[in-house]
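Letters A, B, C, D and E name the chains as they come in the text, with residue numbers starting at 1 for each one.
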Amino acid sequence: MITHPQNPSIGVLLFSLKGAVLQVIWKKVLFTILISSVVMATHGTVYNYKVLLTATPFTMWGLTLAIFLGFRNTVAYQRFWEARTLWGELLIATRNLTRQASSLLPELNRAERLELVNPLVGFAYTMRDHLRGDPPGADARRLLDPAALEALDGVGNRPNRLLGLLGRRFMDAARNAGAGEVIQTGFDAQLTRMSIAFGGCERIKSTPIPYPYILMLHRVVHIYCFLLPFCLVDSIGWFTPVAVGVLAYTFFGLDALGDQIADPFDTHPNDLPLNALCRGIEISAMELLGEPAPAPELPVDGVLL
Amino acid sequence: MITHPQNPSIGVLLFSLKGAVLQVIWKKVLFTILISSVVMATHGTVYNYKVLLTATPFTMWGLTLAIFLGFRNTVAYQRFWEARTLWGELLIATRNLTRQASSLLPELNRAERLELVNPLVGFAYTMRDHLRGDPPGADARRLLDPAALEALDGVGNRPNRLLGLLGRRFMDAARNAGAGEVIQTGFDAQLTRMSIAFGGCERIKSTPIPYPYILMLHRVVHIYCFLLPFCLVDSIGWFTPVAVGVLAYTFFGLDALGDQIADPFDTHPNDLPLNALCRGIEISAMELLGEPAPAPELPVDGVLL
Amino acid sequence: MITHPQNPSIGVLLFSLKGAVLQVIWKKVLFTILISSVVMATHGTVYNYKVLLTATPFTMWGLTLAIFLGFRNTVAYQRFWEARTLWGELLIATRNLTRQASSLLPELNRAERLELVNPLVGFAYTMRDHLRGDPPGADARRLLDPAALEALDGVGNRPNRLLGLLGRRFMDAARNAGAGEVIQTGFDAQLTRMSIAFGGCERIKSTPIPYPYILMLHRVVHIYCFLLPFCLVDSIGWFTPVAVGVLAYTFFGLDALGDQIADPFDTHPNDLPLNALCRGIEISAMELLGEPAPAPELPVDGVLL
Amino acid sequence: MITHPQNPSIGVLLFSLKGAVLQVIWKKVLFTILISSVVMATHGTVYNYKVLLTATPFTMWGLTLAIFLGFRNTVAYQRFWEARTLWGELLIATRNLTRQASSLLPELNRAERLELVNPLVGFAYTMRDHLRGDPPGADARRLLDPAALEALDGVGNRPNRLLGLLGRRFMDAARNAGAGEVIQTGFDAQLTRMSIAFGGCERIKSTPIPYPYILMLHRVVHIYCFLLPFCLVDSIGWFTPVAVGVLAYTFFGLDALGDQIADPFDTHPNDLPLNALCRGIEISAMELLGEPAPAPELPVDGVLL
Amino acid sequence: MITHPQNPSIGVLLFSLKGAVLQVIWKKVLFTILISSVVMATHGTVYNYKVLLTATPFTMWGLTLAIFLGFRNTVAYQRFWEARTLWGELLIATRNLTRQASSLLPELNRAERLELVNPLVGFAYTMRDHLRGDPPGADARRLLDPAALEALDGVGNRPNRLLGLLGRRFMDAARNAGAGEVIQTGFDAQLTRMSIAFGGCERIKSTPIPYPYILMLHRVVHIYCFLLPFCLVDSIGWFTPVAVGVLAYTFFGLDALGDQIADPFDTHPNDLPLNALCRGIEISAMELLGEPAPAPELPVDGVLL
């Protein structure tokens, strides 16, 4: 996630290169500008044949293009925001379980509580690593005890397995503390909430926007941008490369941004800051228990991962 | 579901035929290109009569067309995504029940647990087969015990009946293990969740987008594409077939894609990968129990079914 | 509900009259075509006065028209789909209660179970009849026992009263079977779900889209279609009636379809198939109990009611 | 709420004045028609200076205007529909509590039940009066007993206080009838539902659409309509006043309608029929108890309040 | 929040400066008007070079601009409204807990009840201060007892910690009053609701709209507005500055308003009135307990903070 500068000046807004989108698309934009310049130089003539293109087909293509771009953009953002909301759910469920571990089981001592809460926090890190396709990293291994780590060994879906383990531990702790079925199912309800958050993230990860949308959108955008100079050159002359360049910047930019935020669990600058979210979950749980909490993740170079 | 290639080159994006949409619509697109070519050759004259068409009626038709296409596209995707979410719900409910079968009923032994969880996993396969209009397939028969299979025999709505059976078995297991009403209703809440997922999929399956939408959309799209050459031929000449072809590709493509994803339980390449989802449910449940899990489904030729 | 033909040919799609919309609007469409023909014949002259209309006002009216049509269309479909979802909820709740009547109260015998489930299924039929403004029909009377029928006699809101009766019966059955408060409130939760489904349908039924929307939309659509020929006649000549006819078909068609699906409980061909839904609920409940189930409703002439 | 006429004739639709919007905006529409007529008479000349305005700036202004109008319209309707849904929730919760008062507490006699249900119904009337900024009216005072009325005396937020009172009474009744914690929290869950419905209505009431939206929308609409004649006069001549009048009617009408339904608790003809909704709640509760129910509210002059 | 004037006159609507948006953007709008005036004076000539710009590129840029502006506007409002809804949730949960503290624990005396409810109300103020980046202010310190204040000392996330404390106190009170697990988990459910409201607000606060959207939107808007005069000057002459000024007002205004309401917890005039909301929570809780309540916050200069 790119952290917004506070009150950026117009200069920053207009000329800053730090949007993480221009780096991806500058070649395509430059290419369309080059095409436009050539078209401008030849006055739209290819092999001595004048290409006549009015604005009419572009207006008609624009009809579907607007539907495609608007749809793709909305869906990509919805995926991004749903993923963020699901991580918020995980934070809330972790807090609830930590709170309940004190309020509903007041008999537990500090060590017993930490034994429950540490793997709970470890779940967030394990889920992050799983969504990024990595094995459990240093943070997960720091928080999970040997028994838990062993249980995850060689398993395909580690967060799923860990959640099963957490279920057994919380129920055992509840039963040992003399809590009845109501409190047990109360804990279970929060584990279900975690299960929903995890299952939702898996769903977003495993089901991309149907490929033909991406394919058709790419094709129409490319055709549109590469043919546009022939349409504009007769009416606006040397301004053609500027006009086409601006349009290509927004079309390719919207497209590239959609690509990035539609799959928000990677480590691109515009993805969700999973490291910071996991750390936030750890801080929340530790502060609830009155334990020393680690420092929050800080943005590096304006980017929070 | 077509699996996205990682970082496809521009060449792949522009010229790949693997979108599963072009195969469906190429005849219509070709036909409009042919019409356009004829119109171009005759300069828009039919039986010595010059057809005069300006862009104005197309702009006006475009108004409703944009509403139709945008609406249809949004609704089709919502159906696709809701269906995917409901299958995610089924996964989550199956995991929850499997987790609860260990954590809330710790007295069960391995065989008793498998007796509960196997038909639970079998429910997913039965639901898949039912939504595809098939009888219970090899997977369902592998996981369901003879008693369960017999109960499903000759029944119209098998998943419904199986859910009733699962209800009785889970409650019996709970009562036998000495669990009280709270834990029983806890199990029942997850069965209700499965009932919701199944009922939702049935709703999507049995209630298509109202037919007049499809009819009107088809008609306007066809009229638009077949008349467009007469409008364009005077201003853009030999470019007419290209312009009309691109437009027909997006119009018919959007329409065909909408058809495919609006009814996402079939086995078209753009439908939901129900086989892979069912397998994922089985793996999840088995890993939670510490049992050996089957290998995940892999895409064949870039398509996951 | 009109059942979609499987793989309709282009001929069917273009020339079929079975959309249930053309029957409603053909007079208006024909009238605009007639006006257009007259305008074409007189070259846009009324009483020797040439009416000069450019495309500009139509573009501007198109701005609000697009907002009106898009809004009305979206809202109408949302009402249709919400109503369908609520009926799905009713199906799910009926199934849950039937399942719970076996799994949570295993002591009940077959007759006692049917005594509970028959009026439960009767509720769906009663709700259908109420939403259509009819008294309880043959199906409801078949399933409700004399005591229940008597309780509904002379009551304004029969489903509401019946739900109260169901509440008392399920609680009595639970108490008689020795079930505690948890199971009682478990039953009550499903009755609440039915109450939500019924209340939601009543809301849709009793609160139409605010009348001024319909009024303004109708007015602008009519003015647009009746004046359009004067704008087009100078540029596209004899093609004017075709262009106006196509536009009128989509405008009036979208409007008429919106009217039909916005109030989806009637017996128009595009309304919800309440008969089939009720029958489906009955089949589901009977199959769950292992009782003989009636045959599903079949479409008559391509229409499922 | 204006009740839709059944199958209105085209004459009614086109010329009826009963939309409750034209009464509000006719002055503005007339004013723009007057301006247009003057512009037409002077051929767009102001003080001997010819105002030259092409359609281009209007097209550009139309871009933001479409965003503004569409957004405002959607948000206003969402507020209207959410408010209606919350009142539906209140109806459902009242029914549930009434049902539970019979089914879960079968020991209560008729008088005790009425003592619980009467103030429950009184809550709806009190909430209506509160949302309209009125003190408890005749209906509320009819249903609330002296103790309840006294408790509301001098309180700022009467529904909130009344809900607290209902909570205490239902719990007392449950405890007196020997019901345990599960049934008590079951009642409390329905009271929470009522609390949600009330809190949601308060939210809509107290948080209008941000003022700058209204301000900017008004300004652009006025500028657009007042300048439009200068653009149209040269091309469409004497038709200018008609074209501008139609546009002004839809722009100002959409705006006025948005104003009315965005704050749906007042007594404008397009607001929610709170009187009828409250009466419906009373009828529902009384019919559930088998008590005589009052007659439903009927529309007066086509308007249901 | 700016409180809407009741029935503002047209004069107020057109010329009022109190929208809190014009103050932010007047420099940019003035600058575009100045550019337009210079362009008008030089007839679009820069350094003796005539800049030829037709409307075509603006129409094409308008395509993406409409998508960007509409998207950004919708998302910003959704964030605003979700934040408002979450604060409404907090109000509802506080009322529920206060109601339950009387109805479910009737044994508590007045002081014990206030000991529970005062920090509950203090939570709202603490959450407001936290979201604004402030330490607990006078209101929070007034309502929290020394033990609670001490627990929050030096903690990074104070509302989180306070919620943990509230959990322990409510459970202790319930246990001391002899309430069982059901009532304890009933209280816990409302605390979870508060946890959800708080976590949701944190999510909105910590995850802005992805930066590239803002960047691209700003760039296109600026380029559009600064180049527009060259396009308009030839056709509409001296009217250019007016047309460009109106457009710049809506573009920059929509952008600035989006900025303000997308992050609704600050103290800008268009942000949520958190002070008034907290005060409303306090009044509600006190009125429920029959305690003297403070006066509601009133708007200062038409702005409620």
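Simple rule for what comes next: a residue touches a chain if its C-beta (ideal position, glycine included) is under 8 Å from a C-beta of that chain, and two chains touch if they have at least 3 such contacts.
Nothing here was measured: the structure is a model prediction, and the numbers come from that model.
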Applying the touch definition from the top, give me the chains sitting in contact with each of chain D and chain E.
none
What whole-Å value do you get for the distance between chain C and chain E if each is reduced to the mean of its CA atoms?
38
Expressed in whole Å, how far the mean CA point of chain A lies from that of chain B is 24
Two or more other chains in contact with one residue: find those residues in chain B.
59, 65-66, 70, 180, 182
Classify the inter-chain contact topology: is it line, ring, star, complete, or other?
ring
Show me the residue ranges of chain A that touch chain E in the complex, using the header's touch definition.
1-4, 10, 13-14, 16, 19-21, 55, 58-59, 62, 65-66, 69-70, 73-74, 77, 80, 84-85, 88-89, 91-92, 95-96, 98-100, 102-104, 106, 179-183, 186, 228, 231-232, 235-237, 239, 243, 246-247, 249-251, 253-254, 257, 261, 270, 272, 283-284, 287-288, 293, 296
Of all residues in chain D, which touch chain E in the complex?
51-54, 56-57, 59-61, 63-68, 70-71, 75, 155-157, 160-161, 163-164, 167-168, 170-172, 180-182, 184-185, 188, 191-192, 195-196, 199-200, 202-203, 207-208, 210-216, 218-220, 222-223
